[in-house]
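As structure tokens, here come the structures.
What follows is chain A paired twice: with chain B in the first complex and chain C in the second.
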Partner chain A sequence: MLGRTLREVSAALKQGQVTPTELCQRCLSLIKKTKFLNAYITVSEEVALKQAEESEKRYKKGHSLGDLDGIPVAVKDNFSTAGIETTCASNMLKGYVPPYNATVVQKLLDQGALLMGKTNLDEFAMGSGSTDGIFGPVKNPWSYSKQYREKRKQKSHGKNEDSHWLITGGSSGGSAAAVSAFTCFAALGSDTGGSTRNPAAHCGVVGLKPSYGLVSRHGLIPLVNSMDVPGILTRCVDDAAIVLGILAGHDPKDSTTIQDPVKPFTLPSLTDMSKLCIGIPKEYLTPELSSEVQSLWSKAANLFESEGAKVIEVSLPHTSYSIVCYHVLCTSEVASNMARFDGLEYGHRCDIDVSTEAMYAATRREGFNDVVRGRILSGNFFLLKENYENYFVKAQKVRRLIARDFVNVFNSGVDVLLTPTTLSEAVPHTEFIREDNRTRSAQDDLFTQAVNMAGLPAVSVPMALSSQGLPIGLQFIGRAFCDQQLLTVAKWFEKQVQFPVIQLQELMDDCSSVFENEKLASVSLK
Partner chain B sequence: MWTRAVWLGLRASAGGRRGFPSKADPQGSRRVTAELIEHLERLALVDFGSQEAVARLEKAIAFADRLRAVDTDGVEPMESVLEDRCLYLRSDNVVEGNCAEELLQNSHRVVEEYFVAPPGNISWPKLDEKEPFSHC
Partner chain C sequence: MATPVLRWCCPGRRWVFAGIGGVSRHGRGVPTGSTSSGKRGQSSVAQQPLITAQKPRKGEREWAAVVGLEIHAQIASNSKLFSGSQVDFAAPPNSLVSFFDASLPGTLPVLNRRCVEAAVMTGLALDCHINRRSLFDRKHYFYADLPAGYQITQQRLPIAVNGSLAYSVCVGKRRSQMVTRTARVKQIQLEQDSGKSLHDSLRSQTLIDLNRAGVGLLEVVLEPDMSCGEEAAAAVRELQLILQALGTSQANMAEGQLRVDANISVHNPGEPLGIRTEVKNLNSARFLAKAIDYEIQRQINELENGGKILNETRSFDYKLGCTVPMRDKEGKQDYRLMPEPNLPPLLLYDSGSLPPGTDPQQVINIDQLREQLPELPRVTREKLVQQYGMLPEHSFALLNEVGLLEFFQNVIKETRAEPKKVTSWVLNTFLGFLKQQNLAVSESPVTPSALAELLDLLDRKAISSSAAKQVTDVKKGNPRAINKLIGLVRRATLGRADPTVIKEVLERQLSS
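Coming up: the complex of A and B.
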């Protein structure tokens, strides 16, 4: 049952083949078994079981709230959840219990979803590996997959070394790992520079970044106000569309959400590809791109072409400057956003009582790690009066050029852009930590962050396994607010490539009951 | 963790205090002077903590300097991707509130309905006036 899609499980719940409580307990048991992945910071067991109980009552009466009623979900730990600790993986917010739910969390709960827990991340969502939080790094479930381990046995005839485990990517690594390991059906992440799509590609799941302004950021502890978007991680594109349909829409508490009416949608199946135009940005073919990803990218382009779509090369001339621009804008906005953490109203507070400034400084030194402090200081540098024009305003101008590049490409008739999501498959943790956080982010965010600067929707879809047995995903970028069209193309692609299911053999042997329902007669869908 | 005394020693060896911060050099990147370090620490209320952090800032500045190569003549800065739309303004009615107790619960130091702060009229001491921080 845990391996099914949202729609299938929802139908099974309605037909009484499984109850929300059973589903909840199986997920909780799997979370315990996969504790070594360190995907969850907080597991809200009691809350989830209570929600399951209420969901069960609704199903018995035939009054289910919708497709998400009784479905286990997880939420990244930088979304505020009432009554449940929200830490952002930082000492600054350790022990902080918000008095309110983020709008997106509230929307999920209003639909009856079961909140399994809060997932692990890089501290304050700054990073591309989910390795820099105070609760430790998240391990990629694929490190323990049959597919990966068999390939490793062929190469190194030594014993299974756990020391060679792989990173999940970041910063929503915990959410990606939670979905990939079947502990929940959907998870919320956040996407500022690729933080949802990057771990999605490394963990073999679908990672959707909706258009900026479509989904409310109220309750999402902000990193970069002009680029942050709540992200959605699921095991298939259809599920992502269902969740997006629930989360999208104007929120009076977030003035940056658009007021256009938004309705939940179903994704049509694409049959006539001849009207579709796919763009391949040539500047994304960088020397750092691994040959495997490159060949999969070509293969995907050929696939579209062979089915009748028009596939053309396009140019985004300012691509090489987008990382630098992002670096300046991100650190500047971070410097501003992190100023709220002074220890007075919430969060960590030190013992110094000499003066407010001394107290603030010591609190912030104790609360933030090096990465966060580094960004705050860089940001403050760029915002100094003598630097403001040359760095911050300059970066804002370059941002316009980058956004314009995309507009020009879409105006020339392109519907969707096809690019890699990451440079290569997931790397071992030991290799990842050889470079510092800023360098890694600059390398890993290459394909993903220009999208955040332009506010466009993008989705990473897993395509195939690498020669090492690890997932590689490709990214589709759509026009602003054309998320439905983007997902329609992604769904077609997903069906064509038939990405394999992760085989977590050891876990399967332990909890064989997890998959026993696979043998039951097929679930009838509405 | 770096105590203030050790930190002072490091900065002394890095070149000590200069008279004035260097002006922006149009060709090369800014040198990060002790003045600048102090200024940033005061503004951000976050300390560098080590020479590595200063080196990281220098690298970050050098990285950002690449933007100079882009021709942005006549280009307006972009603040928001939604700049073509009108900002939503809701009507000025009270719809929520009265949650003082809930909000006060998250603070470490509270007296009745006040957040308690240490005195604010004591300025952040200058470099040579500072004592080493006691570790909390």
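Coming up: the complex of A and C.
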């Protein structure tokens, strides 16, 4: 039952094959079994069971609220949840319990979804590994899959098997792992430079970044306001469309959401491929791209072409400036957004009370990790009067050029762009931490980040397993507010490639051995 | 532009305004009289134009002073600039604080329509160019009563620019002649007010009240077109009257609804402007004039003694009557301005540019607001001068007190007396009486009808002018004045009336 898609389990609930409470309990028990993955920071067991009970009553009366009623979901721990601790994986917000729900959380709850818990991330979503939060790194469920383990056995005969566990990617790694390990049917991530799509690709799930302005950011603790978008992680494209249909639309609390009414998303099956034009941006063929990803990318292009679609090479000439431009804009907004964490109204406050300034300084030093502090420092540097023109204004201009690149390509008749999501498959944690957070983020955001600059919708769809038995995803990028068209193409592709289901049976039957090896999993679960 | 490029790809995106388009709160009944209007009868330092009075003692140098003003007026609206919290000066501490006002993470600003309308109306009243597109910025500084660590303001592209403010000052030997001067309005910007810090030095604690945090402010920036405290005070007073006429701000200085920062410098005529200082938080017209004149004199003395003026922020110590450097603003502040990413550009329309089929609730039409503008004080005064042939300074005096003009007009309506006589009676006898009793017009025991009746008696020569004045004296609470009236009656009756009867009748009449 847990391996099913959201749509399938929704049908099962409606038909009474399973009750919301049964479903909830099964997910809760799997969350406990997979605790070592460190996917969840907070498990909201009581809340979920209560919600399941309510949902069950509705089903009994035949008054179900819709497709999400009784469906277990998880939410990244940078979305405000009323009455449930929201930490951003930071000391600064440890113990902070918001008095309100983010709009997207409220919409899920209004549809009867069961909130299983809050998922792990990099501190304040700053990272690409889900390794840099105060609750420790998230482990990729594929590390424990039959597919990966068998390949590893063939190659090495090492005994210390578990030290080779893989990162999930990030920063929404907890949400990706939660969906991948069947502990929920959909999860919310956030996406500022690729934070939903990157872990989706590494964990073999669908990761959707909707158009900027389509989904409310109210209640999402910001990283970069002008690029942040709530992301959706599911096991298939149709499920992502269902969740997007519920979340999308104007929010009076977020002035940057669209005014136009949004219709529910249903994805038609693509029939006439000849009308479809797929663009392949040549700048995305970089030397760092692994040969395996590259060959899958061309295979995908060939697939579209062989089925009758027009596939053309296109150019996004300003792509190479994207990362450095992002660095300036991101750190500047971070410096500004983080200014509110001063220990006065909420969150961590130090014991020093010599003066207000000394209290601020110590609070912020204790509350933020090095990555956050580093970004605040560089952001404030870029915003200084003497630097503003040379850095911030220039970066904004480059941002405009990057966005225009996409507009030009779409104006030339391209419907959807096809690119890799990541350079390679997920790497072991030991390898990942050889580089610092900044270097890693710059490398890993390469294909995903320009999309955020332009506010476009994009989705990562798992395509195949690498020779190591690990998932590789490809990214589709659509026109602004053409999320439905984008998902329609992604759905067609998903059907063609038939990505294999993760085989975690061994893990689920015998987690005890894993538990024993785990020291890092000693995270408080509530 | 950090505002997402998407904005241009997305037609149909419109401004969203905070739900309650508030109605301004009229007449909280707080007279502005006592603190902010006290030009009459108060001889401040400003009465002597400093610049000319200053006889160069050292090196035969003449000095010219230049004064520019930044005036913050709290917008009269039901709710705050970006949140739905109520605005109320007198509410218990921290009782009017929304999640946004407390800067809870994840909250976003939603612009209040009423505040935008107030800014547009004020801009129109000051002959400003209204920008069809304006932007919001974040201005960063750490302060305990600024929860977000930044203030949302309009630094780069404000809602209104390039206007003018005409005001009048008294000149001439007897200071009886009114001369109109003009200060250019550089810009009007919408911005958030901060909270309040209350320092408890006994317990070495700072207490924070966030009720005011996020209240909408209009910052009106006046170019350095003034040259002394008196001019600055007169300009502020005129702006105050305009804001009150528009209903865009109650502009009560005593309640902090109008706060002034003054930029002051001195130079030798014909030479470049000197280094300026900023005197912050001037909360009454009297202190405003005093502080500016003190600061001008201080700068002149400093320079004449071979010193230098530092570009610094100072405050006015009203007890000592001097300006002092502000300690907490010593270092040069870099506000690290950046665009506010959560607010799309603010778009305004006129009847010509209004996109067809738009919901009037979702857009602001400048032409419509222009039509709704009430009569401005300048026009009211011109009308008084024309209609009643009164002196310009009298028209100023009538507008200077809350309710006085209405009182005057009501008297005029009911009496056959000459307008000049009414003016004189209202401004001299009646207003003098109120001042002496420290009363607002609304608290006056003398009704317009009573005064009108008295003036009619006077007009018919039924009583003499001195008798009429005695009547008001009795009204003022001077019991001995009645004796003079008794004398007048006895003389009128050729001594045939009984004084005790006269007294009884008079007392009955006067207390009615």
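Basically, the second predicted complex is superposed on the first by the 505 of 526 C-alpha atoms of A that agree within 3 Å, B and C clash if a C-alpha of one lies under 4 Å from a C-alpha of the other, contacts with A are read in each partner's own complex, and residues count from 1 in each chain.
The rule is simple: contacts are C-beta pairs under 8 Å (C-beta built on N, C-alpha and C of every residue); 3 or more make two chains touch, one makes a residue touch a chain.
All figures in this text were calculated on a predicted structure; none of them were measured in a lab.
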Identify the partner contact of A:Arg438: answer first if only chain B is touched, second if only chain C is, both if each is, neither if none is. first
Regarding the shared-chain residue A:Ser80, is it in contact with chain B (first), chain C (second), both, or neither? second
A:Arg399 contacts which: chain B (first), chain C (second), both, neither? both
Touching partner for A:Leu208 - first (chain B), second (chain C), both, neither: neither
Taking the superposition on A as described, I'd like to know which of chain B and chain C A:His318 touches: first, second, both or neither. first
Partner chain in contact with A:Leu377 - chain B first, chain C second, else both or neither: first
For A:Ala450, select first, second, both or neither according to whether it touches chain B, chain C, the two together, or no partner. neither
In the superposed arrangement, which partner chain does A:Thr256 touch: chain B (first), chain C (second), both, or neither? both
Touch check for A:Gly343: first (chain B), second (chain C), both, or neither? first
Overlap of chain C and chain B interfaces on chain A (superposed complexes): 99, 212-213, 226, 252, 255-256, 258-259, 335, 342, 344-346, 356-357, 360, 380, 384, 396, 399-400, 403, 453-455, 480
Touching chain A in the complex: which residues of chain C? 1-6, 9-10, 12-16, 19, 99, 102-111, 138, 140, 142, 144, 147-150, 206, 208, 334, 336-338, 341-344, 362
Which residues of chain A touch chain C in their complex? 79-80, 88, 93, 98-100, 102, 211-213, 217-222, 224-227, 252-256, 258-260, 329, 332-333, 335-336, 338-342, 344-346, 356-357, 360, 380, 383-385, 388, 392, 396, 399-400, 403-404, 407, 453-455, 480-481
In the complex, the residues of chain B that touch chain A are 23-24, 36, 39-41, 43-49, 53, 56-57, 59-61, 63-64, 66-70, 72, 75-82, 85, 87-90, 99, 102-103, 105-109, 115, 117-120, 122-124, 133-134, 136
Interface residues, chain A side, partner chain B - complex: 96-97, 99, 212-213, 226, 250, 252, 255-259, 318, 321, 324-325, 327-328, 331, 335, 342-347, 349-362, 364-366, 368, 370, 373-374, 376-378, 380-382, 384, 386-387, 390-391, 393-401, 403, 436, 438, 442, 453-455, 480
